[in-house]
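What follows are several structures.
Both of the next two complexes hold chain A, though its partner changes from chain B to chain C.
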Partner chain A sequence: MNNPALFDQIIVKLRTTTEVTQVIHSLEEFSGTAFGPTDIIAQQQIFQKLPKEIADMLINSLTKQSPTAEGKILIKRQVNELLDKLRSCKSVKLTIAFQPDDATVSLFSDWIKTNTNQSALLDLQFDRSIVGGAQVIAGGIYKDYSVRKNLINRYQIQRDEIMELLK
Partner chain B sequence: MIIDPIALIFLTIAITTLAVVLFFLARAFTKNAQLLHETEKANAHLQEQLSEKPIRLLEKAHEQAQEIMDQANKKASEILASSKTYEDNSSQILRDKLSDLEKQQATIFTKASEDMKLAYQNLITQIQEEDINTLKSMTKDIESDVLADFKEFRDVLEKETINSEKVVKEKIDEEYLALEKDLDEYKTQKYQKIDEDIYKILYRVSEMVLNEGIEYDKHKELVMDALETAKKEQVFQ
Partner chain C sequence: MKNFQQYLTQSEEIGFVEACNQSIVYASGLPNATLQEILIFEGGELGTVLSLSRDQVEILLFSKYSVKAGMRVTRTGLKQEIPVGFELLGKTIDPFGHPLNTSKPIEEPKTSRPIDISPTGINTRARIEQSFETGITLVDMLIPLGKGQRELVIGDRKTGKTSFLYQTILKQASLGTICIYAGIGKKKTDIKKVEAFFHAAGIEDNTVIIATSSEDPAGVIYLTPYAAMTLAEYFRDEGHDVLVVMDDLFTHAKFYREIMLIGKRFPGRNAYPADIFYAHARLLERAGNFVLANGTEHAITCLPVVESVEGDIAGFIQTNLMSMTDGHIYFDVDMFTKGNRPAINPFISVSRVGRQTQSPLRLSLNRELISFLTLHRKLESFSHFSAEAGADIKRTLAVAERISTFFTQGANEVKSLDLQIVVFCLLWIDYWQDLLKMEKDIAVINQTYKNSIGAQSLVKELVGSVKSLNELLLQVRKQQDKILSSFGLQQVTMTNI
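On to the complex of A and B.
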């Protein structure tokens, strides 16, 4: 059983919680067809909705051969374990003020994986009101490194001066 | 029928005894009847004497009374005659004595009048002096009373003024505190409003200026800086 290796391969390619959710949905759909009449092409089509590299990995691992009844059970178990692992992945929630492109998402994800955990995922949120920078939530800790927060801090420091100017 | 001799003897003795007793009783009765007769006679004599004696006594008393009255009249006439003489003598003496007494009284009254006049004058002088002294004393008393009253009035006035000042000061302090509280609340509300407005303005200006002004690479840089800072602050531990 090569399930741990499959998880490790997949998790390296997965960057965000959105992508993981898509994979989980696909695996759940696949799991629902595991004990029905075997239609390899239909099963492969389930994974083709995912990014190509991940889809190829899943197709090669789970649908290449027409399994026996015993093999179906093993695949089912493998899928369930994979689902459990994916569901238990830790994530870092990052709220930013701009819409990042794919390269930028990769940049942030790589940084997260490198500096925290290889299986760590990025939960990206978009909020223009923070102006710039980011709000970070990780392991139950919230930190606000946004430009808005910096402005507020600066305003608090210079509040009295601003008040004097407004009088 | 045969009678017992003994019983006959006894009967004879009893009859004899009764006869003796009867004899003595008859004799005593006779004596008593004589005594009663003598007594009635003496009684009649006495009654006769008693009916004659009061009249004689009254007549005798009347005679004696007449005699006493005659003697009394005679004595009274003598007394009146002697008293007339005495009256004449007494009147003359009395007139002389009255004349002397009148003279003495005139002298005494004259002297008394002069004494009284002198005493009255002295009294008036004394009263005048006392009046003057009293007046002076009264003036001084009035002056001291007025001064004391004035001092008391001034003290009361000062006290009332101080109390009034204190009350006014307390009232002003209370008003000032209330005003200060209101002012603080107003300032707090105003600050909150200004804060909210400032935040809104800052957000709006920041959004308008910075969002338009921050370049994409700068955004990326800011996020990376944020991640680095989070790492330094051990958010990912």
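On to the complex of A and C.
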């Protein structure tokens, strides 16, 4: 099996930083058991908490190796390699005013992966105070496309008119 | 200054604190941050960009309260600046121009200048030609200084360095020079003492204190002398001569070392960073005698102070500073314990450019004195062998004792050099035989001279009319009675001339 290519596939499947954190925790847990008494079922259980598609990919690539000492060393090396890749993934922080459903998260993630990098992750934040729109942080650049900011700008420009309307 | 959110909206760049070690913070993001740019954290803390790497920005904090990992930080687009203006005269401020003494509100100056700039080139500089009076006879006669000179003040703790600085500031402020005292990482009580001295001496209108206390963040302490120099440059450009006292650069070097060691810079000699020489040279090179755009010459004279430990002047920072200044005044702990005030050792002290500013009379006086003191030093060492001294040797030793008394000067006491030259002539022609009488007479002369316009004009006329010490001695002999009478002394018949 070509693991580097498989790892890239795993990363492409991951949508958000939360999912990546879950994978990292699972991998660290798996890594801790790698040199203990081999219990493949218990090891596979570790990945069951993850989304099914990713869990299957990890189980296939990491728990189906020969349980010899050399095999364990190889697995450990692969886990570390995958952990490094996951930790180095860039993320785009998106703050929105509503709690998105799973389809919306996929939509955002797909857009980001298509328009930036296939390994880019979505760091989704929920903040009702921005009213609508979104705040985006990527690579140290901050863009505020929120309704709140537009309202503030509008208020600064047309303060007198707005105050007149509110009377 | 705006708040974090306003700067974030303006710059549209954000960073996140990744790691924090005392006054050094590492943050990711901020792709367009520039060196020395001021950054603001979401808690309102300020910092400056110390270095940039591919993924991280190294930030030097200017705030006491340490920031936390994960905090947001953004660019302000501002450089380290200090507000400058005549409104600051008589005030005590920090390196960013904020008042330290809240009982004296400051009208915020309208202009600001960058704190850390490169020194100007040779085309803006002129030869140092005007003498700089310190009010201390020993220095003015033996180690003369010039306006625009950088003279290191070096000595152990408690040897009279601060008194010397006070006296010099007092003298220069009374001559109209703007004096800036930079207290670097001082105790708050010491800063108060300086303030009280300026107030008591009535020279507040010509002085500014830029101070940081030892409790301040290392980054702010580091900026203190640079801010003082920026302020000095402003006053110079406004057509004033300026004196900058930096008390002291040894402390500055220690704080710079602390910052750089925390910042994981490779330590050099005595653990100082490799660019410590550059940091100080870049600062002191901003002093000098300058030609302004309108053709006038104005000087920034700088007196950096450095502390020595147990008389060791060969330390790393001490020798660095000696090599980048135009001389040094050494306060000798042995002389101090022997009771000499000021405890300046004229044989170890050096003035590289001061002599070129001297009038022919002062120059000839300086040569005569130096050669006499050198001779006395040799004779003194022979006298240790209990050799029987001849009449000439005895006379030399006696005159040397009188000269030592003549140079003795109390703390906060400043003297007119012209008067001291005439008094020295009286001493040189053996007017005084008795040391006690000499001390009393000198006290009377100083008192009379302050209040007598006649004495002042006579001294001015005498000193201005001659070009060498011999000529002046001749004049003093001729007009002795007149001089003594104008000084309020009883006239005596000279028998020993």
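The rule is short, and it goes like this: the second predicted complex is superposed on the first by the 157 of 167 C-alpha atoms of A that agree within 3 Å, B and C clash if a C-alpha of one lies under 4 Å from a C-alpha of the other, contacts with A are read in each partner's own complex, and residues count from 1 in each chain.
The criterion applied here is as follows: a contact is a pair of C-beta atoms (placed from the backbone, for glycine too) under 8 Å apart; a residue touches a chain by one contact, two chains touch by 3 or more.
Remember, it's a predicted structure, so these values are computed and weren't measured experimentally.
A.B. asks: Given the alignment on chain A, is it a clash or a fit between chain B and chain C?
C.D. replies: Because the two structures are overlaid on the shared chain, the partners are seen to fit without clashing.
A.B. asks: When the two structures are overlaid on chain A, which partner does A:149 contact: first (chain B), second (chain C), both, or neither?
C.D. replies: The second partner, chain C, only.
A.B. asks: Look at A:74 in the shared chain and tell me whether it touches chain B only, chain C only, both, or neither; answer first, second, both or neither.
C.D. replies: So A:74 meets neither chain B nor chain C here.
A.B. asks: With the C-alpha centre of chain A at the apex, what angle separates the C-alpha centres of chain B and chain C, reported to the nearest 10°?
C.D. replies: Here the answer is 20 degrees.
A.B. asks: Residues of chain A touched: more by chain B or chain C?
C.D. replies: In the superposed model, B touches more residues of chain A.
A.B. asks: So in the superposed three-chain picture, is A:141 touching just chain B, just chain C, both, or none of them (first/second/both/neither)?
C.D. replies: So A:141 meets both chain B and chain C here.
A.B. asks: Could you tell me how near the closest CA atoms of chain B and chain C get once both structures are overlaid on the shared chain, in Å?
C.D. replies: 9
A.B. asks: Please identify the positions on chain A that touch both chain B and chain C, taking each partner from its own complex.
C.D. replies: The answer is residues 139, 141, 143 of chain A.
A.B. asks: Of all residues in chain C, which touch chain A in the complex?
C.D. replies: 8-9, 11-15, 28-31, 74
A.B. asks: Write out the stretch or stretches of chain A touching chain C in their complex.
C.D. replies: It comes out as residues 137, 139-144, 149.
A.B. asks: Enumerate the contact residues on chain A facing chain B in the complex.
C.D. replies: Those in contact with chain B are residues 92, 94, 96-98, 100, 104, 107-108, 111-112, 115-116, 128-129, 131-134, 136, 138-139, 141, 143, 145-148, 151-152, 155, 159, 162-163, 166.
A.B. asks: Inside the complex, what are the residues of chain B that reach chain A?
C.D. replies: 191, 194-195, 198-199, 202-203, 206-207, 210-211, 214, 216, 218-220, 222-227, 229-231, 233, 235-237
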